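What follows is a pair of complexes built around chain A, which joins chain B in one and chain C in the other.
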Partner chain A sequence: MLYLELLFQGIVQGSIYALIALGLTLVYGLLRILHVAHAALFTLGGYLGVIITNATGSLALATVISMVVVGFVGMAVYKLAYEPLLSKPPFIALIASIALFIASEEIFRIIFGPYGLSYTTPPLQGYFVLFDGFFLKHGEALVIVLSVVMLAALGWFSTKTRLGVSWRATVTDPDMASAFGINTQNVRYMNFFIGSALAAAAGVLVALLNNLVEPSMGSVASYKALAIIVLGGLGSIRGTLIAAMAIGIIESFGTIYIGHLLDRDALAFAFLIVVLMLRPQGLLGAK
Partner chain B sequence: MAYEITLVTTMAISILFALSLNFITGFCGQISLGHAAFMGVGAYTSAIMMKADIPFLLTIPAAAILAGILGLLVGFASLRVRHDFLAITTMGVVFLFVGIVRQQEFLGGEIGISGIRGSSFGRLGFMAICLGLAGAFAAFSLLIKRSWMGYVFDSIADNEDVSRILGIDVSKYKLIAFVVGTSAAGIAGALYAQHFRFVGPDSFGFVESITVLAMVIVGGIGSVWGVAVAAAFLSVMPLLFQFVNDFKILAYGALLFAMMRWAPDGLAGIVARSMKKLRGRS
Partner chain C sequence: MTLRTTLLAATIGLGSMVSPGFAENIKIGFNVPLTGFAAADGKSALGGAELAVEQINGAGGINGDMLELIVYDDQASPKESVPIAQKLIERDDVVAGVSGSYSGATRAAAGIFQEAGIPYISAFAIHPDITRAGDYVFRTSFVGEVQGRAGAKLVGESLGLKKAVIVTLQNDFGKSLASGFKEVAGDYGIQVIGEYEYSIKDRQFGPIVSKIRADNPDVIYATGYFFTAGPLVNQLRAAGITTTVIGQEGYDSQNYINIAGAAAEGTIITTSLDRDSSATETQDFIAAFEKRSGHKSDMVAASAHTAIKVLAAALQSSGAMGGEALRDAISATDLTASTGRITFNQLGEVQKSVQVQIVKDGEWRHHSVIDDTALLAPPTE
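Take a look at the complex of A and B:
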């Protein structure tokens, strides 16, 4: 019974990691930038989710608005921060991104206060009783369902629509894609919009599970998501999803069984280092 | 006077720490997002030895050796993974370090080790030791930079594959860079433990690793004096920005971002460009 519960916890956590890390992978696949500030968009998504839910009473509305707004903010981040740095060595963009992340954490703290915000009436607090003695919170069920739906929609979009195909073409070979008349600039904007919107959704979900948003909620997400996309093989979407689930489940079991040796974060990175030493290109990376 | 001594000591330790990373990242082109872990190894080594009544000066080489051994291991990792993969691996090292330290009773766990006995040199003497070590490492860096080895490092930083074709033993030089850089970080750690008389897991985490990388980049990656100036300035910046207390981290983040956005080659680059302009006019 304990195993099943731990497995479920791992899957819930893994789904959230997947939503966050997917945006990072998309950015990396297109621009070769490790987008640390992505986690700030995740935090922003969480804040907007709580604020709008508290104002309107509708979690669904809050999720949609948060995703759209954060999507546009993501596009602005690309335009203002990354576009001018594309020709510079990659660590410049990395440090700029970290700086942006540090600054935005402070902005959240200054605007919304250091103690964070909660839902006035937390939505979805009920339980499903799956079978005797095994509960699944409504919020946790929503995390799994919403992640599956969004990832399926993304899969459909990228393979079955014209825009999606042009997007994948640009990721594979930007020069060739633009020779075929694809506006690669628009593809980049779209890339940031989608990735940031997914991060915002993850932010709303995390806020729901913890009933709390705080300025530092992104810091765990920022480095953990980096570990996940590297583990998956940088730029590989399938690899990212597998790695997200693997890290989620390993953390869930690991904290119980070897938590006295390593804390939760160290566990994820220990796994990362072991995998990278055996497979330097990541789980599904191309050599 | 006590305040000035503290200030100068802090600066000297930061300069040594930043230059130690500059040796790896600036000279040899190997990015590290986990350099604070090596300072941590040095600091904990020194702290435990001080608790066991071993003279302070003996703890310095011990700190350097232990940090250097860990550095050698990470150096081997750098032979296996490159660029962004190396960046994240080194980031993993610092989380692993903090995660392990937190769970160890004999390292003080979450609370850390406090009440470290002072050295027999007094505050002023200790400041002189810090300045001396920082200065010595700066001179050593300059010497290496201008030597044949400096050119080899340049070549590896520029293009590893071409260097290998030219017959350079890339692996050997990468390991040398890691061992030298991390040993120096270990020494900085020993000084840190003595300076604050306290070590804890939170003093050597990811944020500290980024902070020291920021010093190297703001100074101008690879430039010894640029990095030294940036380290001296940035280490005491929180104190200088006291007047905007609530905004000091925001100011730090904004400054770092602006630097990357408009002057990614750092102080050294800015100075080099203005010198060129001046010469052009005359």
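Take a look at the complex of A and C:
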């Protein structure tokens, strides 16, 4: 039963990683930029989630507003920080992104204070007991349900709608897509909106599980998500999802059984190194 | 540069208007994390130190000379605290330094103060090596191992709980507390049935929570700060685990209760500050701090306040002299401050009793005091 619970905990953590890393992989796939500041949008999502829930009492409303607002902030980041640098080598955009991420941490501290924020009446603080003493916290159940719903919606959108198909076409071959009359500019905005909204959802969920948002909450997300997209094969959505789950599950078991030797981050990176030695292109990356 | 010179001139001008004659401020260096992961503790510590300076200056300063706190942000990092210590000593010409920071930063700065022959007091950093830097370095709070031993006595003797799981924060704070706890756990009949570690960045403890349920202990001795312990205890209770949680001074903040919410009720910690103390020094501090900062006092604020008060009393008795005279005056300290009666042993470690606090109705309250001088004896070398 313990193994099953640990597996489940790994899937919960993996779902959160997946929501964060997807936005990163989408941006990389389209623009070849490592969007480190993505983690700042995750933090912003968490803050908005807590503030709006405390003001309105509705977690659902807070999640939706947070995703929409952060989606637009993500578009603004593209417009203001990345678009002017597109003609430059990618490392210039990476430097801008890192700077933006570091600055954002201090901006959160200045605006919201150093102590962090918590839900005044934390929602979903109970648990289900499934068969034979398998405990499932309400918050964790929500993480899994919401992740599955959002990823399924994304899958439907990208394969079944005209907009989604033009999006995938642009990712595969921007020049050809634009020759076929697709407005690549709009696709880029959409890309940032979707990726940022998913990160915001992850921020709200993490805030729910921890009952804490703090200025530095994006620091783990910033490098862990990078590790995940490298592990998955840069730009591969399916690879990213598999890598996120793999890292979540490895961390879950590792924390308990070899946590005194390697901490959670070290485990994730050790796994990354081993995989890259065997498959330098990542789990599902193209050679 | 020009701006700074102007400001400096203006400050000197202002200073001479306020206090005519040759009265000069007595400068005390203060390194504290105001940005970075420890900024919350840093803000409280700075509030406590500034309050102490205001109180001392309001009561006439040191024989008429005013104290001046020279503050630098060290981000709780040794990379920052080393140049800060050098700057405080060489450029600012401080008479003494106080650390309102964590162990890494404090330990690195301590050696530099020692070498310069300038007294340095660690307000709440707990690594044993800090005072080993030499005879100019003092500490007004407990060494980690001492507080860990107090935790074991609390668990095994006062509470009579015998089957313990230890959850350890992987830094010098968590590790030294856990090693003190384990060192004497056997003496109090405590059996450690599980031990897990986490890093300071972790906020999600799902796997550890699941394992603790399987272990089914009587008590959880979890080291951490309010921003790690709050989520941990919240997640334990949300998963239906009602086992008693024993924490330490890192929990000692109203923020712990805000984060853990209703789950915080019944948490017991070992710390330096007794909210229900009848001592006037403690009650005055609690009231003055809340009035000044607008939020509830905590251990770091009280500890920084205590360190400045110790230093001021020593300056008073050394006749505002620094160096050796000040060092000797600090070692001879016998002062009742907001965190209790302070005296030092030959290594410069504080000798005082451990306060045990419990969360009741959303506030830290008195639980008991551990006053076993043999158990709480700090290291002497």
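In this text, the second predicted complex is superposed on the first by the 287 of 287 C-alpha atoms of A that agree within 3 Å, B and C clash if a C-alpha of one lies under 4 Å from a C-alpha of the other, contacts with A are read in each partner's own complex, and residues count from 1 in each chain.
Just so it is clear, contacts are C-beta pairs under 8 Å (C-beta built on N, C-alpha and C of every residue); 3 or more make two chains touch, one makes a residue touch a chain.
Treat the numbers as computed from the prediction; the structure is a model and nothing was measured.
Of the two partner chains placed around the shared chain by superposition, neither chain B nor chain C is touched by A:68. Of the two partner chains, both chain B and chain C are touched by A:263.
Touch criterion met: A:126 reaches chain C, while chain B stays clear of it.
Of the two partner chains, chain B is the only one that A:227 touches; chain C does not reach it. When the two structures are aligned on the shared chain, A:96 is found in touch with chain B, with no touch to chain C.
In the superposition on chain A, contact of A:106 is made with both chain B and chain C. In the superposition on chain A, A:81 contacts chain B only, with no contact to chain C. When the two structures are aligned on the shared chain, A:212 is found in touch with chain C, with no touch to chain B. Legend: residue contacts after superposition of the two complexes on their common chain; A:154 is shown touching neither chain B nor chain C. Shared interface residues of chain A, touching chain B in one complex and chain C in the other, are 106, 260, 263, 265. Interface residues of chain A, counted against chain C in their complex, comprise 1-2, 5-6, 9-10, 12-13, 106, 109, 114-116, 118-119, 121-122, 125-127, 129, 135, 137-140, 206, 209-212, 214-217, 219-220, 251-253, 255-256, 259-260, 263-265.
Interface residues of chain C, counted against chain A in their complex, comprise 35-37, 39-40, 42-43, 170, 195-199, 201-204, 206-208, 210-211, 213-214, 227, 230-231, 234-235, 237-240, 255, 258-263.
Here chain A touches chain B in the complex through residues 28, 32, 34, 81, 84-85, 88-96, 98-107, 110, 223, 226-227, 230, 234, 260-263, 265-270, 272-273, 276-277, 280-282, going by the rule given at the top. Residue ranges of chain B in contact with chain A, taken from their complex: 31, 77, 80-85, 87-89, 91-93, 95-96, 98-100, 102-103, 206, 210, 213-214, 217, 246-247, 249-250, 252-254, 256-257, 259-261, 264.
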